[in-house]
Amino acid sequence: MGLMTILAAAGPWPVKTVAARAADALPGSLWLSVAYMAIALLAVAGLVAVLGMGLIYFERKVSGHFQCRLGPMRVGPHGILQTVADTVKLLIKEDIIPQKADQAMHLVAPMFSMAATVLVLAVLPYSPVLQIADVNIGVLYVTAVSGLGVIGILLGGWSSNNKWSLIGAMRAAAQIISYEISATLALLAVVLFAGTLSLAGIVQSQADGWWIWRAPGVGLLAFIIYIIASTAEINRTPFDIPEGESELTAGFHTEYSGLRFSFFFLAEFINMFVVAALTATLFLGGWMPFMIGGLETFNGVMALVPPSLWFLLKTAALVFVLMWFRWTFPRLRVDQMMRLEWKFLLPIGFVNLTAAAVLVLFNAYFFSGR
Amino acid sequence: MDGQALVQAVIGLGLGARNREKVDRPALEVSPENLPALAKRLRQDPALAFDMLLDHTAIDWLAEGVFELVYNLYSTVHGHHLMVTTRVPRGSPVVPTVSDIWEIAQWQEREVFDLFGVQYDGHPDLRRLFLEDDWPGFPLRKDYTDEDMLRLPK
Amino acid sequence: MTDRLPAIVERVPGGAILVTSLDALMNWSRSNSLWPLAFGTKCCAIEMLMATGAPHQDMSRFGAEVARQSPRQADFMVVAGAIVKKMAPRMRMLYEQMAEPRYVMATGSCAISGGPFMYNSYTIVRGVDEIVPVDVYVPGCPPRPEAFFWGLLALQRLIKQGETIGRPGIRRKPVLAALPQGITIEDIREEVRRVLEEENVVDVAHEAHAKIWTERVKQWMAKHLYKP
Amino acid sequence: MTVTIKTLNDLVRPPTAADSPMATQEYFVNMGPQHPIAHGSLRLVLRLDGETVRQVIPVPGFVHRGLEKMAEHLNPRQIIHLTDRMDYLSALMNNWAFSKTVEKAAGIATSARIETIRTLMAELQRLQSHVLWWGVLGMDLGALTAFLYGFRDREIIGRLFEETIGARLTMNYIQPGGVMYDIRADFAAKVKELIKYLTRVIGEYDILLSGNAILQERLRRIGILSAERALSLGCTGPVLRGSGVPYDLRKVEPYGVYDKVEFDVVIGTQGDCWDRYCVRIEEMRQSIRIVEQLIDAVPEGPHMVMKFGAKIKIPEGMHYGHLETARGVLGVLLVSDGKSDAPQRVHFRSPNFNNLWAITAIAPGWRIADIIAIQSSLDLVIPDIDR
């Protein structure tokens, strides 16, 4: 008994992504197709702006309350306009390119970083109807595209002609590439369970129970590995080694100012959203409501909450966890971080994947009623 | 060992040390030539065992035309203090280094060199410490003049 | 071209309104988002940069808790503590590395005038305004954290009334934090405005090149830095 | 005898082009003077091989104000305010060190009340300084929340100082012949409340940071300083005690009323960063113990035995006095010619100056990130080095 049954009872849902509509329209009317794409573009741009500002505000408030402070209070009620002011200021601030920097690369590096993040937003299933494109290789696409972000960091660090930047960039490259393996291994476990690479498909495969607990032990372990690995991938404490404020002044973006700095800054926060959203999608059932088998009334109430709100709630909870990490833990050293990956997470990840394969082979899930 | 006994014991070593008057703790004066030998003895003699050079600085006696270098020693083994002083002429202030005996002397001597211009023979890394390498003069000397320095009006 | 654009827009009918409202937005955002460059050398650093961020004072209320360590990303430099001659060229360098618009807040008597080290000190720089243009002075030795907020609010006020995209690169000179007792900035507002408008407006771009310290930094760099 | 005088540039040569373009090169990086780890303004020139540190060349002097030159023009009372501005985190103890030397030289006898108040205040300041250090160590290692907790508690101790002394940081409180102001009537009650609070929060510190696996990983077996090396480098305070040498002037040469109170000298075993961390955390508990014993035992009497502003005559000769500040031994060498008010020479043997050079001995072989941990564990206050 899951949401899909309820949905099926309610009749066929117009589950059709924007990309699918555009593709349908393409043979008949090119302009309609282009219009769909423009809508998608605008939606993503809006999402980026709102998410970026919202998350930064959220982070500052959360950190404030973690630290017995208040956080922004003066600009707008409870400081909600604080990040708006910051954004406008960064937009109109002088954009410095150091004289001895590699100027072209210095210019494009933040865009790489930003683009890699934004591209992932296009495939996330926000709700059954709200998804820009349902790529049938969704998980593969996400891992591939988010791996591009490191190029931006590497370029930025290299082109700045600053030793701190370069050290930061090198650390980032080593870190992100290493942890990507673990993150992907954790994702593969879910792919095995769901039997599909499409993100929408993975969400629908969790109609009978979320993967975090549906696969005994394995799902939870994959979830933990993925959270750790992805925290490292987005350079947040305790893995904020490439930026490491007290070590490398500002790491790879030491020489960036104004708009270009804000790109890096924004990319970091949107990355956090992306990671939280992916975790929610893969392990916590995406936009699926929380339901307990047998409790019909409870399930009915849960189903009333719109799916996109479910998605948002789960993502917000995970974002909060990531912030909690950041404001609690000290920073690891670079070799300790590498040791954690190669000696602990990676072997565990492999064992976990094998265990997942065995589970799938014997169909040994919980709630495997269907 | 109490203060006087300590002083007498060190004088008894026969390294040209003599009592330094007007100091509120056991103090000796020694000539710059004898300084390294005495220092080595103070550090290594198990009855003395001065393992810590707490402090090293200089005093500019302009009227007498000397720099008095002060070495403040302490022994964590026996818990006694000793102040060793030596005098060098202001005109050519060169003394042998003790940085091979107490590691910290290397930087304390650099500080004295920086501020007084006392040169240490055998110092491995004699550089300015606080001031820029091209600073003119040695500011803690009594006859140091600096047109940029404001005098406190009387 | 972009520098002259606002002046052109201003002449278009209705353009003045656009420029003015853009000015308002710009000044609002700049004044409300002041990220400090933590440049603490001495005791004031504890009070001005650390204690102000601490729970009891909490400068994050003003959105100023994002202390940047890289001068490129900072908006205003809090000079907390004495500046000596060895530090002076480095400080000027940091200032020049900051992106416009940049402001300087001199906190503590050491930074304002040399303070307790004014006399008989052979290294002190008597006031950082010899090195960089200072916008706000916060007196005290060290000033209380509340005084820092006073300075921050003074800086916000300065930015709100001072800047226009009509004349980029031009910004108004310091408001003095230390006014005689009994006189507030409100009392002499008109006077200040007149003085500011008439004579005390500085051309930042011009000033950066004319300053004696720029030359000194160049010489200093030539002497001390290696050319690869 | 020829003495060669070097400059920094002689040491910091850029690496020459290697034969093979693929060969690895050592390179130099400047940490500071404007760097978050500089804690003020210290420049560390690092010779690096990849991430590994081969050599550290500290370059102090970015806040060298020439206090010793200034002191030659001031009378002993005026010099007190200069001592505030050396190690501003233990300003009271600096005041005390100088006053102690002057009192000994001029033969001023103080009362039991004065000594008790001084001890009490000094211990509170030691607590404040260690609390601040704990926060800053947290910040340096990336745990920003610790920083804010540390400052929250520093502020709470600071309020007590403010009520009694009227200053938050540069106290100018302990004078030759007494203390500037008497303690207030409700001082004892407030201190007791504070102690209760601090005992609780030090437990919290352990939960937040000390017990954290990452922090222990960052500090344990990092930056080992052997006892012999520490002695030869003239380190004092928690740095020396962390290496296992029980040298604490409060026990070795008791001053104030330290001979009347019970407390333990905390020492480490290995001399790594973790030991130095634990020594300071434990010293906070010991300070609380001292304050607890003293707070109800403040004798009656005046708070100043001299008339305020009375001239102090220092007899001819060299006078040396020292005591234990939060960071180690602060020694004061006072040379007077017996005629003028101003001393001939004042020299401060600052604890941080000697502790700083320990970094050159410890650092080689560790990573960049360890330099941060090492420097934090040394707890340096730069203006005290530079004076």
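Just so it is clear, A, B, C and D label the chains in written order, and each chain counts residues from 1 on its own.
Keep in mind that, in the parts below, contacts are C-beta pairs under 8 Å (C-beta built on N, C-alpha and C of every residue); 3 or more make two chains touch, one makes a residue touch a chain.
Quick caveat: nothing in here was measured; it's all calculated off a predicted structure.
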More contacts between chains, A-D or B-D: B-D
Greatest separation from chain D - chain, by CA centre: A
CA centroid of chain B to CA centroid of chain D, Å: 24
Computed distance of Cα centres, chain C from chain B, in Å: 46
Whole-Å gap separating chain A and chain C, where each centre is the average of the chain's CA atoms: 39
Residues of chain C engaged with two or more neighbouring chains: 55, 69, 86, 119-123
For chain B, residues contacting two or more additional chains: 130-131, 139, 144, 152
In chain D, residues with contacts to at least two other chains: 9, 35-36, 61, 64, 66, 69, 73, 148, 152
Chains touching one another, given as label pairs in label order: A-C, A-D, B-C, B-D, C-D
Chain B-touching residues of chain C, taken from the complex the two chains share: 85-86, 118-123, 126, 223
Residue ranges of chain B in contact with chain D within the complex: 21-25, 27, 51-55, 57, 59-60, 70, 72, 76, 79, 83, 94, 102-104, 106-108, 111, 113, 115, 119-121, 123, 125-131, 133, 139-140, 144, 152
List of chain D residues in touch with chain B within their complex: 1, 3-11, 60-61, 64, 66, 68-69, 73, 104-105, 228-229, 231-234, 236, 245, 247, 252, 316-320, 322, 329, 331, 333, 335, 344-345, 347, 349, 353-354, 357, 361, 386
Complex contacts: residues of chain A adjacent to chain D: 63, 66-69, 163-164, 167, 237-238, 240-241, 244-249, 327-336
Interface residues, chain C side, partner chain D - complex: 38-43, 45-47, 50-51, 53-56, 69, 71, 81-82, 84, 86-87, 90, 94, 116-117, 119-124, 141-142, 144, 224, 226, 228
